[in-house]
Amino acid sequence: MSAVAARARVVLPPIVFGVGFFVLWEAFVKLRDVKPFVLVAPSDVWSAWLDNQSDILDAMKVTGTNALVGLVIGTVLGSLAALIASAVRWIGELVNPIAVAVNAVPIVVVVAVLTRMYEADSETPRRIMATLAAFFVVFVNVARGLNQSHPTQLELMRSYAASSRQQFVKVRVPNSLPFLFTAIRIAAPLTVITAVVAEYFGGNRNGLGASITGFLSISKKDVGLAYVAGASVLGLLFFGAAALLEYIAVPWQRQRSSR
Amino acid sequence: MSELAVQATGVGKVFNAGRPNQVDALTDVDLTVAPGEFVSLIGPSGCGKSTLLRLIADLLDTTTGELRVNGKAPRQARLDQDYGMAFQQAGLFEWRSVSKNIELPLELKGWDKAKRRARAQEMLELVKLPDRGDAMPWQLSGGQQQRIAIARALAAHPPLLLMDEPFGALDEMTREHMQAELLRICGETGTTVVFVTHSIPEAVYLSDRVVVMSPGPGRITHIVDVGLGRHRDDDTRETDGFYDKITEVREALRGSRVAGARGIEDR
Amino acid sequence: MRRLRPLWFGIAAFALLVVMWEVYRRWIGEWLDTRREVGSVLGFKLLPRSSELAMPAVGDMLDEFGKPEVRGSGTSVFEAVLAATFRSFTLALAALALGSLVGIGVAVLMARFKVVQRGLMPYLVISQTIPLIALAPLTVTWGGEITIFGFEWEKWTSAVVLGAFLSFFPIAVGALRGFNSPAASSIELMDSYAASWFQTWRKLRLPAALPYLTPAMRLAGSAAVFGVVVSEISVGLTDGVGYLILSYLQEGTSRPAKVFTAVMGTVVLGLLMAALVAAGDRYFSRNRPKEGIA
């Protein structure tokens, strides 16, 4: 098989499936005359996007900022916490159960409690949720990385009579960098999702989540789905940036994702 | 049984024919294996020994030539389950007990539970692990796992056993022990064996004949008749005859290639 | 005693959170209120208010459980939250079951037909990055309005379908990885037995996939809970615990501590599901060697 054919073999099926999906969707809605309060066709979503583009982009900025603040602060705090936890064992043992619980529980509901703790028009509750989401992902992964140093490398350092601080800095920390960037790759879209869903619980109506739930709940599903598309683009953007960052920073390793 | 266990005439195998990454894995292979014989295939990487084994097993199709297994086409032999196979990794299913691992080919053939259980126990006795039936594979040592793999390969009493470096992952002592065990088992069952190996002493110890192969493209260069008789034990390893044969095989491996390889006996 | 160490630490962590809450509420919050500027960073107010309305005492939260749910009604808050939590749990369980069925089914298709694998894989991967949960309100207007093959779509159907939708993706990915995991020699072994593709799947690929399904189920379980809870809010499923949060939130001024009871119910819901998945994993892996794939 030539190189071109080999390429086509990989690239063509997803394109066919993707295009096919949209074609079937459009056909289903139009041919079966599906009522707009049930579902709208992709073409309707596209025209709604064009009509509301500037509003959608503004909403993306609001939600995106919340997610980004959460991602940055959560990553910093999570890494710090992981560093401390690997040095002082009982701190790790305290945070771990909370991390496990957070993984299992839809913590986004906590935003309901936070809204009353802040001003009515504050974005802080959402940023706190996004921070929490990123914090635990980063903490768990970086902690794992710090504890999973290559035993051979550690033995080598011991044979050099390196102090435990030197071992920490020269072996454990560099070994955990891939885990950090993997964590960021997982956390980035997660902060977007958290920021969007946090808006379902009241508060400001200027983000993506508020508009999505607002428009989809009534018969303006085309506009609502256009906002959903905006949220998807935002999520992909965050993911792409984080994946790129991982690729640049840790080119020698494509870590398998872990939560 | 007058049928030859394996009969290969002018067999060849080419991978990726016509493409830039074409590989001539085997050319012009002539080989016969009589029933009850123990034949080893030995040679450096790329000589096609594993490929030949897989052709016999019908895991690959021949490109040229004719291959008959038990007098049938390889595909028919596979469908009729005329052979059992063992690999370097014992490949036991870790979620099945030892007995259930042995029963696997029998399950696929539709045997009923009682018959399967009985046959599995019989095989366990054969490989001298009669009370390990309920153990899990990871509770066994590497050598024991390989014995179970052999038990599994022979569970349906096939006339032919195909083995691809089954003792490669074991340490030397276990390896020698397993070789003796294998000879005993195949002696008791009368099974024909085609055995791929990297180890010259192993090939000489086990086989009636050693088929020496070489790469570029893969072919048979010599066939060495071991001629040490049927009965072999630990003492055999220290006889002069044994060392002579090892030397002969080693020189055959090192020696120049015979153009247009034919499966002739070389002495 | 050593084995219970994580449990003690879990209890200690939870107690620590309660202590931190109370300390902030009673002392730090008040102190901050008198010094407005301290709580602000980069122009936005970072630290929360600590008034009775904003941060009720933990004791009050627990008291709420004993009070009647609605003025004059016979059901206590505890009973209401318990019932709602149980209701949501059954929905989440149904969602997980549905998602698992479809997820494994799709994974089988993808393992069997490589072209399907190549076609769908990219979408499975990016599905984790887009807010699928955003589609929850889409089903709001479906309740009681549409019928599929004679099955009337109820509000709870939306919750189950969305939960299933979210849990489907990690299961499909994990199952596929598991189905493709056996060593080549094991596949060759099954070929040598002239086993059909389905036999090979049933006896080799499916059991081999278990270590991969374990982390996938963990993710899927929490995704199912997440989907159901958020759906309840969007769709207005009044007997679910998610809806309860929103509804108790409305009583923020008269009974500020009430919403915390529903939040606690949601936490219990998540932990219950996690415990179930963990138990299931322990049961199915009981014969397996102890080392595993993270």
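In this document, chain identifiers A, B and C correspond to the written order of the chains, with residue numbering beginning at 1 in each.
As a working rule, contacts are C-beta pairs under 8 Å (C-beta built on N, C-alpha and C of every residue); 3 or more make two chains touch, one makes a residue touch a chain.
Predicted model, so just to flag it, every value in this text is computed and none were measured.
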Based on which chains touch which, give the shortest step count from chain A to chain B.
2
Report which of A-C and B-C is connected by more C-beta pairs in contact.
A-C
Could you work out how far the Cα centre of chain B sits from that of chain C, in whole Å?
52
For chain A and chain C, what's the span in angstrom between their mean Cα positions?
16
Within chain C, the set of residues that touch 2 or more other chains is none
Interface residues, chain C side, partner chain A - complex
5-6, 9-10, 12-14, 16-17, 44-46, 48-50, 53-55, 115-116, 118-123, 126, 128-131, 133-138, 140-142, 145-146, 215, 218-219, 221-222, 225-226, 229-230, 233-234, 242, 245-246, 249, 252, 256, 259-260, 263, 266-267, 269-271, 273-274, 294
Enumerate the contact residues on chain B facing chain C in the complex.
54, 57-59, 78-79, 81, 83-85, 87-89, 91, 93-97, 104-105, 107-108, 136, 138
Residues of chain A that touch chain C when the two form their complex:
9-10, 13-14, 16-18, 37-39, 90, 93-98, 100-101, 103-106, 108-110, 112-119, 122-124, 188-189, 192-193, 196-197, 200-202, 208-209, 212-213, 216-219, 221, 224-225, 227-228, 231-232, 235-236, 238-239, 258-259
Given the complex with chain B, which residues does chain C contribute to the contact?
183, 185-186, 188-189, 191-195, 199, 203-204, 207-208, 210, 287-289
